[in-house]
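The data blocks that follow each hold one structure.
The same chain A turns up in both complexes below, where it pairs with chain B and then with chain C.
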Partner chain A sequence: MALKIDDRTLERIAIVDDDKSVRDTYETSVEELEVEAVNESGPLPSLDEFVNAAPARADAAVCDFKLRVKNYANFDGAELVARWFDRGFPALLCTKWDRASIDELRKYRSRIPVLVRPTDLDPERIVEGLTICIQELAGKHLSSRKSYRTLVRVEEVTADRSPYAYVVVPAWNPSEVVRLLMSDIPGSIQPRVKTDARLYAEVNLGAESYEDLFFRSWEGQ
Partner chain B sequence: MPGHLAILDVGHGNAAILRTDDWTAVIDAGPGSSLVQYLIEQGITRIDEVLISHADEDHLGGLVGVLSSGQFSLGRVRLNSDAVKESKIWMDLTVALDDAQRNGAIDFQPSLTSSDTGRFDHGEVSIEIIAPTNFLAARGPGSTDRNGKKITTNSVSAVIRVAINGQRLVLFAGDIDEIGLDELVHVGTTDLGSPILVFPHHGGKAGGGDPAAFATRIAQMVRPTSVVFSIGRGVHGTPTPAVVEAIRQQGGQIRIACTQLSEHCSAISPKVAPTHLHTAFARGRERRQCCAGTMVVNFESPAALLPEAPVHLDFIKANTQSALCQRP
Partner chain C sequence: MSTGQIRFAADILRRLGEELNPSPDQGIIELVKNAYDANALKCHIELRGTDSPGGSLRIIDDGDGMTDQEIIDGWLVLGRSPKDPTTPTRLGRRPAGSKGLGRLAALRMGTSASLTTRPKSQPRIENSLRIDWPKFDAVKTVDEVPLTVENQHLDAPRKPGSEIVLENLRTKIGRNDVKKLARSLVLLSDPFGEDPSGFNPTLEAPEYSDLERLVSNRYFDDADYHLTAELDGAGKVSARVLDFKGKVLFSAGHDEIAVGRSGAPYACPPCVFDLWVFILTQTSFQLRSTTLGEVRDWLGAFGGVHVYQNGIRVAPYGNTGDDWLELNLRRVRSPEERPSTNTSIGRIAVKGGEEKLVQKTDRSGFIETDAFTELRAFGQDATEWMARRRMEQATKRRAEDRVAAPRNVEKAKTEVQSAIAKAPAAARRQITEAFGAYDRSRERESTQLRKEVQLYRTLSTAGITAATFAHESSGNPIKVVSHSIKTIERRSKKELGSKYEDLLGQPVTAITRAVDALSVLGSATLSLIDHDKRRLGRVEVHATITNVLDIFEPFLTGRDVVATTEFASGKPYLRASQAAIESIVTNLLNNSLTAFEQANVPQRKILIRTTIVDSLVTVDVLDNGPGIEGIDLKDIWLPGETTRPNGTGLGLAIVKDTVADLGGHVSALAQSPMGGAQISVELPILGK
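The block that comes next holds the complex of A and B.
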């Protein structure tokens, strides 16, 4: 049996998580769709190698964000899913949505169509998520995923060991401050990231929530 | 689409687009990307007139997006000054408008009053600026009206009536409040008649007064056949049930349409994707948050507010338990 989504036929879905019990849970959900689950038991090879290896044995993937636990992998799920997106391979990224994780994955978010809480990963959510991925890979973006050049106002910059820029995107939500890792902003722009600076970037202004926002194509004024 | 009016579902906020073959006007620019997405979907790159009713972010936030997107050329932009509005987005917008004006990119003037009626007419479209009066705009938010009441940002909201080939079509009431209505009565403007009323303040409380009494008052001045509430599902609890009930008490068959599905009508979103919506962009479509969604009137059949009432009513009956507009 196989799952048909638009013009793709999914016969096998890879499951990537450092925790065997979690993989087994995901496997049950995948098999309820009458699709074969490819349980990636690890340790995984290098990122470059695995980016190509998994698509050779599966048609899509469900992948956890934190993969470095117990040397399961030497990379994170966000970068892996983004790299898969670049090569046209659909994958859902599972995360518990803690703020640190959201900070860390934001730089990849434009290439991660769907985030899913592990507890929400039932068969219905898998189909819904993979449909969004496959359609986005075909250039059909949800309105919440379309990005537009827009004004980004800097509220505050912190100079901690991991510096952050706190910014507001007025055309998205003028009342919500968004925290960005300074390292996610291109080096050529960083000197201009100062309190009250007004910069421009492409942002998905239709995003429903803070976690879904991504920024790219930064410009200094 | 041929010449048309679109009352856009932007979630909580207001935005409307008037379009003919060679001209586009935007009345209010609610927040988020909805206006930009609608304009792009419709292939619109030139906006000849932008009229902003007042300085609240749910009426202007989208203009920041339009200006900074770099995808549109703008003609005239009109709004009123507001000395008490300290929001940063108000500063963002005024800085951006001033910058564009200095660069010769737009014709920006901080003035939109009843003296401007007729200045934005184009072809079959007439645009009447009913409020604010010059007096109220000159006094401005933070000052007091003729009765000593404090003028707020809502008090000076522009009220704009659009007619097509001389036939009144729609009244955009912005966020006008009792003080704004008192001023209209004072200057003898009591006939706000229009078939469609885009209800002020999204059907929420407009100022500190009784919302039902306010709704009754404005309904009697406008005498609409359709009332549109431009709302965001789950945001601010709009429309207020007392407001909807006051409209229904006016007698006749007034159609009530909310752009999104109020949580007062249904606690859960529809299980299946809606089929009754107009094809134009609607903010709530993908998340199944629409009730009427974006509403459209084609100028060649101005009596039809799309989606038409029967299919909209079928949706309401199928997806709500106790819709405000249908309660016994």
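The block that comes next holds the complex of A and C.
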């Protein structure tokens, strides 16, 4: 048996999580879809290697965000899912949605079509999420995922070991401050990221909430 | 058939001249760099009548000069440099001049420019050329004005060299420009190194000789810290910090310095960064031969971090107002043990790398490529590393001070006692008693402080541990239980149909609720330590209380407590950190929750009430617990005072301290109208 989404037939779904019992529970959801679950038991090889290895044995994946806690992988799920996106392989990223995780995955968010809370990962949500992924890979973006060149105003920059830039995207929500890791902004733009600076970037202005926003193609004014 | 060629309108010369010449000093520096490239050792600049327009400027060097062919094929060609920047000149210098564009800009400063030059290869020949710029205004294209190089045979051989005279200058060169020019000249050929190129540009102006004297003073030995960081060809850095005696204080390799970028190499050409940092206080200069004022003036004139590429300075890095490594900004944000451009001087010397670090055509620094960003990151990371090591040293010093403090107290005490012994007998007893009373109260205070510090440390440790486990508890086990129970629910509903509710409905719901409560424990603890909450800003009191109550909701339910709010109308706000307001509310809630453990009440209730009078908001937290018993009401605020066997006695102490920091004050009722304790917090607000 297999799952058909648009023009793709999914026979096997890879499950990537650093905890065996979590992988096993996800497996139950995948198997309810009558799709074979490929339990990626790890330790995983390098990112470059695994980006190509998994698609050779599966048609899609469900991947956890934090993969480094145990001795499982030396990369995060966000980067993996983004790299898979680049090579046309659909994958759902599971994350707890806390702000620190959102900060860390923001730079990959434009290439991560769907985030799922681990507790929401039932068969229905898997099909729904993979459908969005597959359509986006085919160039059909949800309105919340389309990006537009827009003004980004810098509210404040903190001077920590890993500095944050607090920005407002007036065209998205003039009253919500969005926190970005300075390191996510290209090096050539960083010197211009100062309080009250106005910059341009491509942002998905249809995003419904904070965690869905992504920024790319930064320009300094 | 007709053939044509692209020609340039004469106006383009004017445009290029204006646009590529950001300031007179920059233009003149370009001519001086030409002398450097021609292997000159001396280059003298004279200004005549330049404090108003119409003056003249003369630049004389003792370089290799030019043959007529070199003038025609090189000097007069714009946009292409005959000098390969990677091939050293006869004196081993790397050519520093631009592709003739800077030269054009400089030559256009007057209405005419004359060049007289004697080539090294032809000691008896003197070539001269005159450019009259108004002639270009009368023609359509640049090539319509013929330029002739005159050759004159000399009777006796003369030393080679060139002289450029610019006449009838279009703009004045004011005092400030002269100062800037003098500074640029002094700094042009790396005056920091031990082995200068031998190139010595001079300016006939009083401003210059003052500055020249100043730069030659070289107060480097007076620096309290000397950072020297070296970046090798593989982009790896190593660094040392020396004290004023040249003794190594700290040293580190790449991984420690580049820790912020996870040890990634710096993708820029090899270079050496030296930074001399001064502690400019009277006490630190007491035992030195130099004075604080001298060093301060010197740093005022030359301070900042300059950049040298192949021994020649790249402006504007290190100019007044150009803090390209953001030393001042970083110092403002975290002042302790960090240098500013007024207290330090430095240079980054880059060898080669012309293909990666390319200077802009208008000579206003490097093009902002990744290599330049990396160079800046290297400079910043090295200074940050020094700041971290210095902080560590300061922390150690403070620890030593703490050890020394009691010894110093004992010593002072003995001194006071011997002073008392010398007092007249009549007064002696009275003084001894007064001093004894003072000493006892000081002793009590310090005992109290020690106790308090220890408690804060204990509680911080408990907090850190809770936060660590919060990550764990909201992690995998919860994920597994929660996901599995959903699978059980889904599958059994499918298999059992209508029998599901009777057989499994209740236990499945119970597990789901229990897991939710567990996962909140993790997120509640983590949300308290969120980075943003410690930032100062506008904090709304009501919203913060509601937020804390939302976080506490599962705990309150779990303990059968009903919490309600009665808010005054409006949205009172103040400038504070959200963490401060949250810690007040959280500690008061914790206080009530633990009070309920001491007594049985039929329905546990907490009420949070606010009232606003003028510019004060009062937050009352009342409960129907047992009230405050077994402790004097005024002692409840003391750290460590608790009526519970395992209590820390810190909750209310933190509330009191936090409220005091916000300019408010606290009060308590042992028995409120609700029956239990009432704690009231009064805070000044900015608006409502």
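As a convention for this text, the second predicted complex is superposed on the first by the 221 of 221 C-alpha atoms of A that agree within 3 Å, B and C clash if a C-alpha of one lies under 4 Å from a C-alpha of the other, contacts with A are read in each partner's own complex, and residues count from 1 in each chain.
Quick note on the criterion: contacts are C-beta pairs under 8 Å (C-beta built on N, C-alpha and C of every residue); 3 or more make two chains touch, one makes a residue touch a chain.
Here the structure is a predicted model, which means the values were calculated and not measured.
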item	value
First, second, both or neither for A:G42, with chain B first and chain C second	neither
First (chain B), second (chain C), both or neither touched by A:G206	first
First (chain B), second (chain C), both or neither touched by A:V168	first
Partner chain in contact with A:Y148 - chain B first, chain C second, else both or neither	first
Of chain A, residues touching chain C in the complex	19, 21-22, 25-26, 28-29, 32, 69, 96, 98-99, 118-119, 121-123, 158-159, 161-162, 164, 179, 187-188, 190-191
Residue numbers on chain A that touch chain B, as the complex places them	142-144, 146, 148-151, 153, 168, 170-175, 198, 200, 204-206, 208
Interface residues, chain C side, partner chain A - complex	260, 329-330, 333-334, 368-370, 373-374, 376-377, 474-476, 479-480, 482-484, 486-487, 490-491, 523, 526, 530-532, 535
Touching residues (chain side chain B, partner chain A) in the complex	31-34, 36-37, 57, 61-62, 64-65, 67-71, 87-89, 92-93, 95-96, 281, 283, 285-287
